[in-house]
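Look at the two complexes coming up: chain A is in both, with chain B in one and chain C in the other.
And now, the complex of A and B:
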């Protein structure tokens, strides 16, 4: 990574993360790296490193964080959450960061597709005649799609 | 006892063996499941887009359960996690609850709370209990060796699962397997994440996570890996062929759901329990149990 240029940093970024639901405790981090040690993703992909992401956010590297590929690699296993001595709740912080990335139009296409499905069907997978016939053969009750509330609320 | 069966998105379409076996074993053990047709997605899939929307969708389902006055029992770790987390947030944050209820008005609902949410395994553990399960076993699974996989949201965050099981030293699934008469095998990657949460983002990283466990479980000689979550199933069963091929390995790990195993021990047949739908056939296991 190249040198950090102070005048490109956004010192308000950490406060914006902290205002998101789940992001509240990011400023409590004292950089002990327990999160990174507990993270199963950083074992298989070095680009993903919880402590690095927190440091970048605290320094104000807004663009580098929100436009990165690696913020989408959290599997939300809560391994970091369990070991954090400062109760940063990093899994939730990651959701807060991803939510900000989405708001700035850096959204992976798969995610918007899932939301569209929920609005159309109220569920991720279609339940049509074929699925319900299969269910009936096994003695299971039919599934009825109720997308109305989802369409209104999402 | 009575509970509303919360199927979520994946189980009623792709994991009918899990649904069938959960319904049958519950009936055998005195748990009365009621279906609520209006239940839909729990909201977890939109959490990366907007946490507020997840809260709203989860609250909608909680409010539907509240109208029935019955607790929720879910089969998917992600559904249990999302609904529990939302109920906890609404019950402890009056401002959030007021905000959510303002939106729920649009669909004619209101959440007052609390609404209880439990995984089916937790109902078995807390409502039926190990001793009652042991005494209901009519066909002990002697000589069957099984490897448990808990899944992340079953155990974590511990602030939501406190009093049930421990993320550092989990035991409920292992003990529930033992109750069927089967032997439980331990292995190094017991507590690993399946990677299912990022399959849609990076298949390679997700597969790399799942590979370690498949290799470990194959090495133990277990007859099957036992799951309690359809997300984990996508990785260990659905992706298994791909993972094994990419790693240049030659192994097959049969994958089963806990209620299928429990059902066998309660004397139900593999046909009734939907074993035909298991894609990596647990032939060794079924040969021991049914001959």
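And now, the complex of A and C:
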């Protein structure tokens, strides 16, 4: 990443995150790295580092945070939430950040696809013959989809 | 019976002399602390002379103000100091019972440390505070964020009292609108009441802290003002900031006007630039010289809360009866033989407590003297006696008596400082062995070369000098003197063919008897080894032909 100019960042961003439900405690972070150590996502993808995400938000790097794809990697396991000595409740901070991202129209294409799938089928995956055959063996009734209702329900 | 017992407690303490000077106090002030102390003392019934201060109208009754006076000289002792004050017009001589140094700290901005120069956008913390007081701290562009960068403890250690001021300034600034404060730091000290909480609250209100462990920010300048470039310690990304104001932190230093006080205390060069050493022997506001007290900056304390405590400590110290003739275990005040004294002033220069004055001959002040005996040991004319000869024999005679009575063979003479090693020895009891001949001395610094040598002369096998730990000596440099003399004796012993290991110095405290035991065991071991070697050598010489 090129040199960051603090003057061009948005000092109000941290306060905006803090005004979101769940984001209140973001400014209490003292960067101890307990969340990063507890995060299972950090193990597989180094770009996802809770401590760094908080720091970027605090510094006001709004664009870099909201338009990034890594904020969507959070698995909401609440591991960070458990270990945080400052009660930052990072999982919920992530919800707040993701909500802001959606509000600012920075939705990643994957999410749009999932939304479409949900509308079409009521699920994030397709139910086919394979699944229904297995259900039959276990004595379960087959799943019948009613695409016409999902849109209405959602 | 009971009543008399109670009475005796009070009667043994000499009441404060009712003469005029004892109730007069000279306060060296300069800011609010001096004013507060002066009015507090006035309320307690003291007559106060306040040097340095602010508006005349603010003083309370019983305080004489000398706003532009400078203390030039101090003579005399507790209860009757004679001070010379120089004002713009004349020189005044005043008699006071006590002197309290309560000057404000010297405040020095750290521009040089950062190679910064003061400019419109680069200001010191004091400048910002002044601006905040008058309300024109910032020319703020209303439509944009105002970036305020604070430096604190970046290059050198920081003082919590300065951090408290930084937090004050940030809190006031944040009340003024869209302001983003940044704090650039390395040594972030929060060891003061409530400071850690305030630090957290400051962060939670949105202040950003950069705590560096590398070289920290580099400063450059552009036409618009200063530019800072640095690597964010968390994200490891290169960043730069053009602050709208760059606030340089400050260093709090002891006041400079302490010279006359230093002069009245020969040991002060060990504590300079402060008025008192950091030692448990001089708690709180007390200095090595009775009647001179140090408040706040002059004793290296800058925390306003502790300074408030200092003011009360002064009241307590001044209302206490005059210092006593010491405990019975210690000898009486030193007596100078006028016939022997040649006025060489060695004692005046060496008395750690500044207790000796001179007119026709040297003379010690009874109330200031702590009976350490360094003067008596150092006097080249042997004119000073701490213990009158009629009551107790000379030290060397005492040593000889001890050794002759108990049989000198295999004995170790232990000179024990009465403030530390003697107490330690008491708690050891007899466990340390029968070969030890303990001789308590008022201070390890009074053990002279002749004492150590006369112990050997009387047949001792080894000598141990036990004093206080360095920095904990009630006579400031008694321990240093003792250690130095032991070194000298080692040299002498080596020259005359006695193993220098037979004499040693050890630092101990009342509550560390183990150190003393360990030292004695070591010395015993050395003596055994040296004795064996010497015996072998002797027998070899004697029987070189006889042994096949």
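The rule we apply is simple: the second predicted complex is superposed on the first by the 108 of 154 C-alpha atoms of A that agree within 3 Å, B and C clash if a C-alpha of one lies under 4 Å from a C-alpha of the other, contacts with A are read in each partner's own complex, and residues count from 1 in each chain.
In this section, a contact is a pair of C-beta atoms (placed from the backbone, for glycine too) under 8 Å apart; a residue touches a chain by one contact, two chains touch by 3 or more.
Nothing here was measured: the structure is a model prediction, and the numbers come from that model.
In the superposition on chain A, A:45 makes contact with chain B only, not with chain C.
Of the two partner chains placed around the shared chain by superposition, chain B is the only one that A:153 touches, whereas chain C remains out of contact. In the superposition on chain A, contact is made by A:5 with chain C only, not with chain B. Taking chain A as the reference, the larger set of touched residues comes from B, when chain B and chain C are compared. Touch criterion met: A:15 reaches chain C, while chain B stays clear of it. Of the two partner chains, chain C is the only one touched by A:27; chain B is not. Of the two partner chains, chain C is the only one that A:56 touches; chain B does not reach it. Common to the chain B and chain C contact sets on chain A is no residue at all. Across the complex, chain C is touched by residues 1-7, 11-12, 14-15, 27-28, 30-31, 51-52, 55-56, 58-60 of chain A. Residues of chain B that touch chain A in their complex: 7, 9-10, 12-14, 16, 19-20, 23, 35, 37-38, 40-41, 45-53, 55-57, 60, 103-104, 106-107, 109, 152-153, 156-158, 167-168, 192-193, 195-198, 200-202, 205-206, 208-209, 274. Every residue of chain C that touches chain A in the complex is listed here, in rising order: 145, 147, 178, 180, 182, 200, 203-206, 208, 229, 232, 234-235, 237-242.
Those residues of chain A lying in contact with chain B across their complex are 20-22, 40-41, 44-45, 72-79, 81-82, 89, 91-92, 95-96, 98-99, 102, 107-108, 110-112, 114-115, 118, 122-127, 131, 134-135, 138-141, 143-150, 152-154.
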